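All chains are identified by letter, namely A, B, C and D, in their written order; residue positions are counted from 1 within each chain.
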Amino acid sequence: MCRWAAYIGQAIFLEDVVSSPSHSLIHQSHCATQCHTATNADGFGVAWYGERPEPGLFRDVLPAWSDPNLRSLTAQVKSHLFLAHVRASTGTATSRNNCHPFTAGRWAFMHNGQAGGYDGFRRDADMAIPDHLYAQRKGATDSEALFLLALAQGLDADPRAALERAAAQFIALSRAKGTTPHLRLTAALADGERLYAVRYATDENAPTLYHRWSDSRQGRAVVSEPLDADECGWEAVPAGSFCTFEGSGVKIETFTPEPVALAA
Amino acid sequence: MCRWAAYIGQAIFLEDVVSSPSHSLIHQSHCATQCHTATNADGFGVAWYGERPEPGLFRDVLPAWSDPNLRSLTAQVKSHLFLAHVRASTGTATSRNNCHPFTAGRWAFMHNGQAGGYDGFRRDADMAIPDHLYAQRKGATDSEALFLLALAQGLDADPRAALERAAAQFIALSRAKGTTPHLRLTAALADGERLYAVRYATDENAPTLYHRWSDSRQGRAVVSEPLDADECGWEAVPAGSFCTFEGSGVKIETFTPEPVALAA
Amino acid sequence: MCRWAAYIGQAIFLEDVVSSPSHSLIHQSHCATQCHTATNADGFGVAWYGERPEPGLFRDVLPAWSDPNLRSLTAQVKSHLFLAHVRASTGTATSRNNCHPFTAGRWAFMHNGQAGGYDGFRRDADMAIPDHLYAQRKGATDSEALFLLALAQGLDADPRAALERAAAQFIALSRAKGTTPHLRLTAALADGERLYAVRYATDENAPTLYHRWSDSRQGRAVVSEPLDADECGWEAVPAGSFCTFEGSGVKIETFTPEPVALAA
Amino acid sequence: MCRWAAYIGQAIFLEDVVSSPSHSLIHQSHCATQCHTATNADGFGVAWYGERPEPGLFRDVLPAWSDPNLRSLTAQVKSHLFLAHVRASTGTATSRNNCHPFTAGRWAFMHNGQAGGYDGFRRDADMAIPDHLYAQRKGATDSEALFLLALAQGLDADPRAALERAAAQFIALSRAKGTTPHLRLTAALADGERLYAVRYATDENAPTLYHRWSDSRQGRAVVSEPLDADECGWEAVPAGSFCTFEGSGVKIETFTPEPVALAA
């Protein structure tokens, strides 16, 4: 289980989400409260959109709390749309290529959750990634594979449907070769213009997801747990939801991966 | 506050102390119980004696729990005398040069504790290190400075007296320019033949120190907290003690830094 | 192109090959002479056999010349059989998981060479790795994939034939989806008892391979280029050869990957 | 010897200096031509000014050519004033704290050159740093010490005079306890508004220094060697010069450290 936070709105310094709040993402790297692992020290990353269509990406393997590069970068860089993540490994190695977010073209993706028995179907998941996206397969995590499957399923055309189909592929593989819980998924995606988030699980324990609009900031934070326990206004997203954040607007739709049959 | 474990006796694999026990040092890097910080993830190190008079030294900045090099090294290397440490920074940067143990010639040293207001007298501590030892000053920690002062005070000739004098220098500097607690010190030292440990504080809160002889292993573990809560036989060392471990023997003497006057 | 050196014989300190000779492997990380890239600074690794059937493995991403852990480890650890490698990336990322040697069970493997157009058939190479070995696929290099294919082809039963078949798979994939040169391969393997080496290319430019017996040391070095230009006695291995080193003996056989048809 | 490049003018992406030119700084990390060491792979760093008075700072220990974070950062971040550096260690460890640039308050500093026999007077150089700046002493390099001495000598009030006095302190120490060449210094400094550069040596071999105005870019590059051998317009700065770059203007003054007496 990991912790993450994303933002869309008027451009702010990344540190306004990453390190300044009382329960900032960096604070959560030490003392998360709403997940199994209080310590999320197996690497971190940020993806942010600036003047180019493709996001910037900065990832490293140190605990987020102790990296001076992260501190300096988030104090200098402003963005209207960014994703930030602190990682607690569920088994794969602590390496930059296994740190979130993952990026491809104009897309960025990060994830908190698990895919039951992933070790038993990692090769199958890799095989489902088409040739033209395989060069993007840099690490070994379930999250990166899920992202690349979603791209293959048409993320550009219909993000919700593409991610549903990718999740369905994972669920089918976990049912065939893995274990329960087959999929727990709280993820954020962005394409440079919109921010998307999903909360879903095949069992009763979908990882938490919140968002909060700030009038003073004219922007919205979307997070795996609130950045400040004393702030009011954090709205919990129900399980089985796909959220689209654009401007100040929020659209929440159902997220329902349809069962798929595996190729013979 | 950090956690550490040392061993002297018949040669064993380092992992028998570092990772195999139920509350091994690696387990303590995640879940220490007898110190303020449960997480000790700001780097780690091991120093071990083999066929040469000088110890080997392996230090890195990742959390100990996630470093495959540490896992492999401790599974392969056997030693009759070694020191291992997991670090929780009290302010200085996470860099290899700030990780314990520190070595110089045939000596190795590691430390858990604090020197009150060290930032305010770091330069004075550095100035107290003589020229011929200054090349060994690689990082910025209080612990490395204390070790080099002890070397300057005659560690080779009389370890207890040298460390008392170095501690006294630190206490005087902390009194002049720092804050309380002036010194809390639980340290281990080795010279290739003997293992030494000290437990001391200027206040009532000397960090814990234990040791335990194993008949089956024919060796002794000396630790900041027991490696296995269910094992009996862990002996607590009283505050104000300097221990010398050689063969199966233990000698415990008082440790009493005498007040020193600072140079004008 | 990378540089490597291996050793079998009476146990010596690793540094006797890695750093002490005038043109040691560390010297070659700065100034290699017999390959395209004089600088081999994209990580390094050593695998050595000690008291266990499985080798120890130490790999990191710094240039070999500047890593104090490597210097200390090779000064302390003795081994009768070890592999050491300095890397010049041909495209994949500088990460520990992409550094040689690679290990699986009691096997260790390292490689210098190239697989023409590997980016275009990486997914196919991965798909050829069977499920039970896929958990060992940690990185993204051609070398690791080739090693796992050789394991799948029966490295335990017949190392030469297994490596021939794996090389043939790579050549077929490069012919179908890659570019020339389809395969250049100078690799070393060890199983804890024997050291193997291969020199092969589909074109005229098989990377160099040498070996040299030392009477004083009672051991043999096997290298991609001589460790000391002034030493006599370095024997060049002809292209198309598979060498088995055991005790003081050398057996040299032909290495001839047979063309294979790709699965439809 | 290291390589560095700085820029002042209309805001550009950092990559326009760091990686895009044919002989960019990253290219020089592999293949420098105007210094002793062609390979500058012992870490790198960039300091850039954005919306805050203090610069951002990003440093790491990998070779610059292989760091994806550097590539992404320099492709995203624009600045009107920045410093970039690739390091070839002259002895001190490869650690982030030993990488250039160094920053303090609104100042950034980077250096190419050497201080003869620095190991013999490092402690004296440290002792010359006043208490209130000593917390900034993070690493062990001569360059960082020189920068802190210059700050102590009044960098804010008169950069040229302050750096002359700091250089004079270094020269006196090298004469007393070091070796020839006592000082070779090609450095760049910035305070957020102006860019300064110095070229000086106590012998005939002051490291090279060039600058070039670009009309199309409306900015000036200041470099240790030209970024593109085919571009005309690179102006060589004579030895013994202190340059101030502001707007499109260049002011070149003499740089003459006056001999100083050491404290008894």
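Basically, contacts are C-beta pairs under 8 Å (C-beta built on N, C-alpha and C of every residue); 3 or more make two chains touch, one makes a residue touch a chain.
Because the structure is a prediction, the values reported are computed rather than measured.
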Checklist outcome for this item: Listing by label each chain that touches subunit C and subunit D gives A, B
Checklist entry - In terms of C-beta pairs in contact, which of B-C and A-B ranks higher? => result B-C
Next on the checklist: Rounded to a whole Å, what is the gap between the Cα centroids of subunit B and subunit D?
Outcome noted: 38
Checklist entry - Taking each chain's centre as the mean position of its Cα atoms, how many Å separate subunit A from subunit B? => result 40
Checklist outcome for this item: Flagged in subunit D as touching 2+ other chains are 68, 93, 96
Checklist entry - Mind pulling up the subunit B residues that touch subunit D in the complex? => result 93, 95-97, 119, 122-123, 126-127, 129, 131, 134-135, 137-138, 140
Item to check | Residues of subunit A that touch subunit B when the two form their complex | outcome: 30, 39, 41-42, 61-63, 66-68, 89, 93-94
Checklist entry - In their complex, what parts of subunit A are in touch with subunit D? => result 48, 50-52, 55-60, 68-69, 72-73, 75-78, 96
